[in-house]
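Same chain, two partners: chain A is paired with chain B first, then with chain C.
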Partner chain A sequence: MPPENEKNCARREFLRTGLQGAALVGLGALAGRLVTPSASQKTVWQIDPAKCIQCERCAVNCVLKPSAVKCVHAFKLCGYCRPCFGFFQPDYNALNAGAENQLCPTGAIERSFVEDPYYQYVINEPLCIGCSKCVKGCTAFGNGSLHLQVRHDRCVNCNECSIAVSCPSNAFVRVPASQPYLIKGKEHA
Partner chain B sequence: MVNAQADSRLKRGALVGAILAAFAALAALSIWTLQPETSAKRGFAYDMESLRKIDPALIKFQEERRIETGFAKVAGLALVGRSSGSPGGPEGRPTQSGGVLLVAGDNSVRAFGPDGKLAREIKLSGPACAVAVAQDGKVYAGLRDHVEVYDGQGVLLGKWESFGKEARITALTVAAEDVFIADFGPRVVWRCDLSGKVRNKIGVRDEARNVPGLIAPSPYLDLAFGADGLLYVNNPGRFCIEAYTPAGDLEHSWGKPAMGVDGFCGCCNPVSFALRPGGGFATSEKGVARVKMLDADGNLESVVAAPASFGEEAFGIGVALDGEGRVYVLDTGTRAVRVFNKKKELSDQDAAGK
Partner chain C sequence: MKSKLLALGSWLLAVGLACTVPAGLCQAAEQFPPPDFTSSGYQIPQPTTPPARADFYELLDSLVLAAALGLATYLIYRRRSRRGVFWLMLFSVAYFGFWRKGCVCPIGAIQNVAEAGFGSGLVLPVVVTVFFFLPLVLALFFGRTYCSAVCPHGALQDAILAKPVTVPPWLSHALGLLAYFYLGLAVLFAVTGSAYIICEYDPFVALFRRCGSAGLLSISAFFVLLAVFVGRPYCRFLCPYGAILRILSQLSRWRVKIYPDRCINCHLCDESCPYGAIHKTTPLEQASPRVAGKGRILAFAALVPLLVLLGGWFGSRLAGPLSHMDSTVRLADRIRLEESKPEVGRPSGSPGDPEDRPTEEMSDRSKAFRRTGQAFEELYADAAAVYSRFKAGSWWFGAWVGLVVGLKLLSLALPRRYSEYEADRSLCVACARCFAYCPGEKGLLDPNLKAKIAP
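This part shows the complex of A and B:
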């Protein structure tokens, strides 16, 4: 049977070791937390509509074919114009959805009558190749309600986004994954 | 025999060479056409440059001077002695070139003297949206949803009631007994008495009265009261300018959509206009930004400012004329009032003609 003071020493040693171990585990957890970004700190690529100059590179430089960049429509800003220049060629023959009148090379914009003289324009995303032609027309003549966004249901979030590398206006930015879109609102009107 | 063989070999070699050259040319063409810049040139991209071209012979004005407003955002302008855009005000008295220019922007109205220097500033209770001056010198400032009236020294004389939550005033003009206010929110023109009490609405769709209604896809409704007693209002969604009686009956309209310089371009134009003292209009368009002079029937007479005169996405948000034919254009890009006058050689010709 060990003497009383030896028993105390062993208990103290056990407690010290235990505390040191717990401190190490805590430090490790803290370091891990600092090194690994949490879900809220995770970022993804997005296009800042205010910087986009509709250069067309989004359509050809994405690693995905067709591009993960699509046109989106901020309906709040839309003027529902009868002659929408995001939809029609500038030298259209007639204000109807004939292919020869449409600006979109893939016919990805659907035009429907609302009431005289208003029309609604909806993007058919699977057809959209992100060429920005409609965005350019809408920005130049309309309210700029059509704009490009990286769609995160298909973007693979490359570390070095090949579109971002070639973007001439540095419109590609990292945004929190929890808020992955920069949809135009009234602040852009 | 040997010569025939050599000939045949030569021909075969030439054929193979030609085929290889054709393949090389095809490959080069394919690579070239894949470049975005190339696709832009061949018409895949929106070619704004071709839309911005104007025959130089049509441009009969040149910029005489600029008046820097100092505003971060500009909204409208008016020349003292008449309301914004009207041909010399309700009485048709043309404003002389020595008049005072008022510009609405940020949270104030700034007055500039004939020398272009800031003479005084009227601070408003919120962001300025429009300005007009009455014959008695009172300044009517349009804010988002209401009107504030000031005397010539900037003392607040009255603050009208709000036109509602949806109101967004874009222009106003003062006649003898009426103030007309263009409201982009409900797409109407309010006709009020001088105390701000609403008399009637103008521009509301009414099939019984043959009024098609104002269509404004973007917030650019402008108006001017003519010496003929009619109120002129732009209807940008219908690409025309309409003339109404003060009671709201549509008298006539003119205008057509066209990318060419003889019509109004884009989805909604004109954005601003002024009446010429001798009849006719000065109009301003966005998209393909340009300012034009038109006769009383809306036929193009000349171009005041070509698209090349404006920066990217900039345009004239306000137009006014003085009694000597100068055109004052409020440029959204430079936030300056740009004063255009007839080119000297044309002025000389006019003088010789007289």
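This part shows the complex of A and C:
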């Protein structure tokens, strides 16, 4: 190899090492700036029930089928209404759990007798598709104890939640992973 | 029968009432206090709250990433084993792909880092930081080890590549620029807080989750089919993280090498490389003297700042259409449109009451906005703020496009001579195919063969 070429190689190597060092320092500085101990908490997606307008998009826009959003019953708020507005069709035939009386398209709400005249309504989560039909009824005419929540045993916590993108009322928010629910009637759960 | 009618009547009445009362009011009040369950001793149950994925698993992901990167480096540089790399690829597809469902990944993390870096107040979890920076730092030492066998996207495409067609160099150079443009666009949308387009249009995540929207699934199917015939189409032509790695691996301390002392110019490595990343030796008659290209190089170097300015100017013209990616801007436009329309069927006494307008004129988004009771001016101000960010951002995006194109032209003008078969620093994804094909690599050749056949 001629000496001039060798010199070129050495110069190139020097330049490369210099740039490499600069890139390392730059990456380190950026990483150092971004990670602060106070800001290291992981976040997850959740629905703010106060903003939800029950548009039914949660049922179709989740990357999971069926959706990771399910109905949650905040029993403490429940008024135990005699015709439960989340359970019964507006034009029900009778106040019983017959399929034609039920509002839920998948029959995911289980009605069980408590004491006369009260019934308890429990969401059967594997059946719930998060369509918010019951939430709409309960919110409009009852206490609003039925509401939608992202269920974290199902949610894959996408970097950008695809329901959040389509949510018309900006009800999807990032919450700390240590307090991942916004259950109605509680600060956090 | 009578009670049923009564119930229906009360329902209809309630519907009518609810239509006139804003929903916000209904939500706040607890209309029916819960009864006392005295006779049955019924305890009011608690809703279940299954916890989010524990932090421990996040840590585990980071550790698995570090271990996989280390193993990939060892397999490529020490063992020089395509078989080992291939098994690691399968592991990565299984773990980071199908098990972790493709999230979190460094490609998408670009957006989080960009958004957090420009001071939006976005919280950047440790795991995202690790996933974004670790492969970059490693690239400064060992090149694109992450791409080789750790990235589930790359590994998947590499593993299913059955019948590679050669992409002509001009096309490959041109398409390779798309990745830089995509990177610029993704950063622009992330910084303005509008969208995470990398995640939204990710080609393989629907496959890893085995469900998704029709659009995502068809993108997946398209890329999977393409990857059977074209080597790593996403990595080479679109991946924005690959674009960053291409730049950084130019500076890498070590790189994949075809041992010159064992090379007998048999072409096998070059032919085995499906990514066109191996430079052939330059024939002597083509090795033009340096002086001839100097004028051309200077001309292209002068062109770079010109292209940057031109790109910036052109980019800033695009601020309007680009800003429509942002939902606030879209909503503001929608509200403006609705406000400018003549109001149909709206009683004079209820200004701004959303329920009295014909529904087809209102999107869910504008309806939801009207329910919040927020002032229109506030929304318009928000949208204007977003737009001004887009105005600045799209100038930079255009300038970035100009810079990329300019530098590409300049680099193409630079004369390159290769006296031996050499893997390109930025294009080589260290898939280790050439190792498997090289006869010298396996010790199949007489160590003195090269000396014998050399003239």
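Criterion: the second predicted complex is superposed on the first by the 146 of 189 C-alpha atoms of A that agree within 3 Å, B and C clash if a C-alpha of one lies under 4 Å from a C-alpha of the other, contacts with A are read in each partner's own complex, and residues count from 1 in each chain.
The criterion applied here is as follows: a contact is a pair of C-beta atoms (placed from the backbone, for glycine too) under 8 Å apart; a residue touches a chain by one contact, two chains touch by 3 or more.
It should be emphasised that the depicted structure is a prediction, and the values quoted were computed from it without experimental measurement.
K.L.:
Which partner does A:Ala10 reach: the first (chain B), the second (chain C), both, or neither?
P.N.:
A:Ala10: touches no partner chain.
K.L.:
If you stack the two complexes on chain A, which partner ends up touching A:Gln41: first (chain B), second (chain C), both, or neither?
P.N.:
A:Gln41 contacts chain C only, not chain B.
K.L.:
Return first, second, both or neither, reflecting whether A:Ala74 touches chain B, chain C, both chains, or no partner chain.
P.N.:
second
K.L.:
After superposition on the shared chain, which partner residues are touched by A:Pro83: those of chain B (first), chain C (second), both, or neither?
P.N.:
In the superposed model, A:Pro83 contacts both chain B and chain C.
K.L.:
Is A:Lys133 touching the first partner chain B, the second partner chain C, both, or neither of them?
P.N.:
Touch partner of A:Lys133: chain B, not chain C.
K.L.:
Check whether A:Val25 is in contact with chain B, with chain C, with both or with neither, and answer first, second, both or neither.
P.N.:
Neither partner.
K.L.:
Tell me which partner A:Asn159 touches in the superposition: chain B (first), chain C (second), both or neither.
P.N.:
Only chain C is touched by A:Asn159; chain B is not.
K.L.:
Touch test for A:Leu103: chain B only (first), chain C only (second), both, or neither?
P.N.:
Touch partner of A:Leu103: chain B, not chain C.
K.L.:
Count the residues of chain A touched by chain B and by chain C, then name the partner with the higher count.
P.N.:
Looking at chain B versus chain C, the one contacting more residues of chain A is C.
K.L.:
Show which residues of chain A both chain B and chain C reach, each in its own complex.
P.N.:
55, 57, 79-81, 83, 90-91, 139-143, 189
K.L.:
Flag every residue of chain A that touches chain C in the complex, lowest number first.
P.N.:
Against chain C, chain A makes touches at 16-17, 19-20, 23-24, 27, 30-31, 33-35, 39-44, 49-51, 53, 55, 57, 61, 63-65, 72-81, 83, 90-94, 114-115, 118, 120, 122, 139-144, 151-153, 155-160, 162, 165, 168-170, 174, 177, 180-181, 183, 189.
K.L.:
How about chain B: which of its residues touch chain A in the complex?
P.N.:
Touch list, chain B to chain A: 34, 36, 39-40, 44-46, 48, 51, 215, 217-219, 237-238, 257, 259, 265-268, 286-288, 313.
K.L.:
So in the complex, the part of chain A that touches chain B is made up of which residues?
P.N.:
54-57, 60, 79-85, 90-91, 103, 105, 117, 131, 133, 136-137, 139-143, 189
K.L.:
If we count contacts the way the header does, which residues on chain C are in touch with chain A in the complex?
P.N.:
4, 7-8, 11-12, 14-15, 18, 23, 26-27, 30-35, 37, 39-40, 42, 44-47, 49-53, 55, 58, 101, 103-104, 108-109, 111-113, 116-117, 123-127, 129, 133, 136-137, 140, 195-196, 199-200, 205-206, 209, 211-213, 216, 248, 251-253, 327, 363-365, 367-369, 371-372
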